[in-house]
Amino acid sequence: MLSFESDYIEGAHPLILQKLVETNMEQMSGYGLDPYCASAKEKIKRAAACPEGDVYFFSGGTQTNALIIDTMLRPFEGVVAAATGHVALHEGGAIEMTGHKVLTLPGYDGKLSAEEVRTYLAGFYADGNHEHMVFPGMVYISHPTENGTIYKKQELADLYAVCRAYDIPLFIDGARLGYGLMSDESDMTLADVAANCDIFYIGGTKVGALCGEAVVFTNHKDEGGRIHHGVPLHFTTLIKQHGALMAKGRLLGIQFDVLFTDDLYFKISRHAIDMAGKLRDLFRRKGYPFLMESPTNQQFVILENEEMARLSAHVAFCFWENVDPTHTGVRFAASWATTEENIAKLETLLVDHN
Amino acid sequence: MLSFESDYIEGAHPLILQKLVETNMEQMSGYGLDPYCASAKEKIKRAAACPEGDVYFFSGGTQTNALIIDTMLRPFEGVVAAATGHVALHEGGAIEMTGHKVLTLPGYDGKLSAEEVRTYLAGFYADGNHEHMVFPGMVYISHPTENGTIYKKQELADLYAVCRAYDIPLFIDGARLGYGLMSDESDMTLADVAANCDIFYIGGTKVGALCGEAVVFTNHKDEGGRIHHGVPLHFTTLIKQHGALMAKGRLLGIQFDVLFTDDLYFKISRHAIDMAGKLRDLFRRKGYPFLMESPTNQQFVILENEEMARLSAHVAFCFWENVDPTHTGVRFAASWATTEENIAKLETLLVDHN
Amino acid sequence: MLSFESDYIEGAHPLILQKLVETNMEQMSGYGLDPYCASAKEKIKRAAACPEGDVYFFSGGTQTNALIIDTMLRPFEGVVAAATGHVALHEGGAIEMTGHKVLTLPGYDGKLSAEEVRTYLAGFYADGNHEHMVFPGMVYISHPTENGTIYKKQELADLYAVCRAYDIPLFIDGARLGYGLMSDESDMTLADVAANCDIFYIGGTKVGALCGEAVVFTNHKDEGGRIHHGVPLHFTTLIKQHGALMAKGRLLGIQFDVLFTDDLYFKISRHAIDMAGKLRDLFRRKGYPFLMESPTNQQFVILENEEMARLSAHVAFCFWENVDPTHTGVRFAASWATTEENIAKLETLLVDHN
Amino acid sequence: MLSFESDYIEGAHPLILQKLVETNMEQMSGYGLDPYCASAKEKIKRAAACPEGDVYFFSGGTQTNALIIDTMLRPFEGVVAAATGHVALHEGGAIEMTGHKVLTLPGYDGKLSAEEVRTYLAGFYADGNHEHMVFPGMVYISHPTENGTIYKKQELADLYAVCRAYDIPLFIDGARLGYGLMSDESDMTLADVAANCDIFYIGGTKVGALCGEAVVFTNHKDEGGRIHHGVPLHFTTLIKQHGALMAKGRLLGIQFDVLFTDDLYFKISRHAIDMAGKLRDLFRRKGYPFLMESPTNQQFVILENEEMARLSAHVAFCFWENVDPTHTGVRFAASWATTEENIAKLETLLVDHN
């Protein structure tokens, strides 16, 4: 069946599989201590213009979020996130399972603004009872957001300035980072992202890998020359404790090594953006209302429930939210693997709502 | 210095101390297996018209909340609470420390309505992605609320009906329960509370005891005759695990035995309501604006910051929230121990704002 | 460099890679809801003669252990394990991170005997203070053990009988299950394993997969016809919460589908046993002392420290334990990928100790 | 019924009750910010010759242990304890509930020796796989131990030297500290205890208080002048999070203020030691075998089961362990409240075994 259900419905980019095959019988140490992990780390640091950074690979997004947040926070701290943030809504309580509160702010279009965060932080410390409350110990944003929106460079810089002022790390969930950076509306490079946060990750699972997320600790220095928020002490043990240490770390290293060779990561991300643009145009042309506007690879449209049922028999897409008793918001996702052929097939299934 | 800082600024009701002195050299088993705990439990079950209930004593409110919520929830569940709820805001993340999310709803005047909860629960199960979300596994309310408001009997019954319909327990934090029940606006008895929830507690620390909260599992039956949400299996071990098992359980048993002899708990709660009424009248007469209206023992007024500074030198009260750059909301609390004499002293410190 | 460092130094069995390539562009739903996961589950249930079982796939061993143990235990329970058990020693506290104690027994050769467990359980319940202690809520064993030893069928049956008598699940960590089953000393089939426990897993990471462990809930019935210890309620949410839900579940499904086609899993396991036999013979012939005897794929020998340093320059192996100030126990592991050619190379590096 | 069941079968020392009565209507701030807490802290620091220390009060032993251990450990660390240690055996998994492993060593007579701990720590860091293991992050001992034995000053100094060498804190559970210090075999003062550890607590619940333990952070300096292991950051919030912040902190402050006035704590501890000596003499004279020898307030004797049943009808004592099918080890505890009259009554119940 035709599917636009998500950006993880196909396997991996063929170059990744090819490299897995080529290197298959090479003997390497486990746990990420292999030459492909080392090479991938160097390539990522170069691409992010972040030579003093540290890079780690994990197998999935929720695992990565829970691990980073738990190990960066101190026990009296929680993580500030938009109410729509993945860690706030769609991780089954993974953050709370580690003992930390997600401190939600309303946000706007899935984003947190510097002003909203500053007001919250200032209010927290001005509250005479704040010692009985969970301290804000990190700011989490996703880029692109769960709503498919993106931050402008200045917005991110402003947000990071607030975090620095309060001495808490800014952590960017980049599960779909490539799709954000290659959006027509983006004014940021990977280096801009790295320059404006303490930790971010480059999503692989949704951008061409079989699995894998590359976490970058940027290791920015404070004025005194000390690393602002670097790698937690004994991080290997903490990764093991979280069940996130892959025995065959090569699986992740090889994939990211390929993704960061010849700009593959960016090229396939750009392809997804192009395909998403065609999806957007298609729905617009046919007169479908949009649930929200997105310049990235996810397109959110509203379907009348009867049409939704009819379409479901022919094409897969993702439930997003109930709009009203007779309408539902759904997501059509493009990815590195989306073809024009499939979009043409989709067109034949849609009706004209004009 | 004169103080209306809270309802826990004095020691215990004199009859409690007297009983502690009288029974002091009696030898009893520890961990709540003494005759005074047994007697207090019987008296509480009688007062709550809840003969099939189970009663346990703990030393403080946050401890009680974290213990009950953690042990009643299953690991995939969180607790639904108003955004102003004590467990959501002012327990330093005690609930999250046990691995559970607090699922906050806006609420109104510190209360959750049956309708708000029903809408939330229905929406949760209608959400196609709810398996990736934290399940609502309990509803927590406080009575009176943190805003000093109270539930009407019908409101509570409606809320409990929603909980029963979704088969999740309703838990009432009654840290100030007496002050709620004896409020002029209350149309509930202790038995009404017990009839309309699965677990509640009767606050002692803030209502005349040195320390202590009495948790009642009401053990209401389902239609099939099974207990709806009763005492967790091996509860003693769980209490121990939470560090909440007092060696000298008698300390709690004796206090509640006294509080539930000759209606002492209700009489001293009523006294607090009378005193709070006098405080309310005083502030009103003097033209002070109120932050919010409360029919219970806590009165919330707005002070101009300069007056606040001046008053602070003579009378203690509690910071509540910053209203604007020049005004602050503060709380004056009455209790079982408040005297008319002290209210008269307070009057001499106030200025006329009319 | 030549390596016998572990059984996870190569990639995946070539048939697995071939299948990943072949299926790469097929569009499938995520989270394990794809046809390859379904097919692999059926094949595993057939191979284990366990038609009523439930099968789940996870990416690694520690993740699997922590997830299963945490979600099967009740909060007042811990897991009984040998002191040498992986969960007791080498998972960085992953079990404790979920809030549960590992209740260690000395064991023998890395194994727990029915008698040792029975004595422990009987002693626990006979202890007048056991309500202040952690209840034994599961028995964990590994097969083969961390010492490379295996259980005989009768030993396992006896152990399971004890677990059934105390109504607690028996959980088998089979990270190297194939190597145990195909050992010359094994008198068990996969079906025997399934018949004699409540949950076990079939290790893929160390037996030919890129990553992955297949957990089988056997769903054995009690006399009353109820499932003894089945899949935890809302298991998908719990998996998500633990960060163990792979978006591209196909990666695991395809691998296990291949491993359980034409007995591949057993054939490659047998190959490893053959190679381990050659390693054992080689070290014996050369007069190296053994740290412990193992009939499985891991061989443990004692090296004089100077020789260890010399060898390390040419061949990789794994530190096991310090024997005395001048000797160290090390592990040489064979696997599905070990070649006779490499063993021959190793021979040229060894000296004759006879 | 006559009782030697524990050292917490009576209420509080009469001077404590008297002070609670006298101060009852004084108005004080909550959460330990009252003058009696301040006064008690000063008196304790003076008694412990520890002027730079910090003192905190909690309501019970398990709560204190879990709080201190959890907040002093880093997430990759566990606490080293004797297998008989209270935190290892009799706290229902309270330490594990906070996410930390108890790393048990066999110990001897309930004690850990410097040599045993040094060997363990050296072995840990020499283990090539220690990054996959839980790091030893604290040493916990109890003084007196659960077996009623005590440390000599030199033993404690040696143990502390090991901890300092490895830069981990030494924490002493002094739930019965007074009974250890006043033992005939003790060569330590309270100041010696304080000088030889980083954190210890002075048990109140079992030594004359209604409830309460006084934790002392000794704040010893390293050579560089930095505090070795001081009070955790934002400790008030952490206490709240653990449900251990008493609203009426005065209850604890007043009690310790009385206990540390005119050496009351030591005098009543000495009384218990005298009474325990009389118990020991009585059992010895009557020919009862001892389960183990104790120079402190707990006496452990072995009873033939039939005699145990007969005695149980007349006098309460505590189960300790099953010795063999016909004999049981039990504990008779003396305390600050034990009377010679009751010992005389006990004598009439015992038979002559000579």
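Here the chain labels run A, B, C and D in written order, and each chain numbers its own residues starting at 1.
The definition used in the following text is that a contact is a pair of C-beta atoms (placed from the backbone, for glycine too) under 8 Å apart; a residue touches a chain by one contact, two chains touch by 3 or more.
None of the values given here were measured: they were computed from a predicted structure.
Asks: By the contact definition above, name the pair with the higher C-beta contact count: C-D or B-C.
Replies: C-D
Asks: Based on the averaged CA atom positions, which chain is farthest from subunit D?
Replies: Centroid comparison gives A as the farthest chain from subunit D.
Asks: Centroid of subunit B to centroid of subunit D, CA atoms only: how many Å?
Replies: Centre separation, subunit B to subunit D: 33 Å.
Asks: Would you kindly tell me how far, in whole Å, the mean C-alpha position of subunit D lies from that of subunit C?
Replies: Those two chain centres are 41 Å apart.
Asks: Based only on mean CA positions, could you tell me how far subunit B sits from subunit C in angstrom?
Replies: Comparing mean C-alpha positions, subunit C is 50 Å from subunit B.
Asks: Indicate the residues of subunit B shared as contacts by at least two other chains.
Replies: Within subunit B, residues 75-76, 91-93, 97-99, 131-134, 237-238, 240-241 contact more than one other chain.
Asks: Indicate which of the five shapes (line, ring, star, complete, other) describes how the chains touch one another.
Replies: Here the contact pattern is complete, since every chain touches every other one.
Asks: So in the complex, which bits of subunit A are touching subunit C?
Replies: Counting only subunit A, the residues touching subunit C are 1-3, 5-6, 8-12, 14, 17, 20-21, 23-30, 59-67, 91-94, 97-98, 205-206, 210-211, 237-238, 240-248, 250-251, 316, 337.
Asks: Sort out for me which residues of subunit B touch subunit A in the complex.
Replies: Touching subunit A from subunit B are residues 75-76, 78, 89-93, 96-102, 104, 123, 126-129, 131-134, 319, 321-322.
Asks: In the complex of these two chains, what residues of subunit B are touching subunit C?
Replies: My answer: residues 70-71, 74-76, 99, 131-135, 233-234, 236-238, 240-241.
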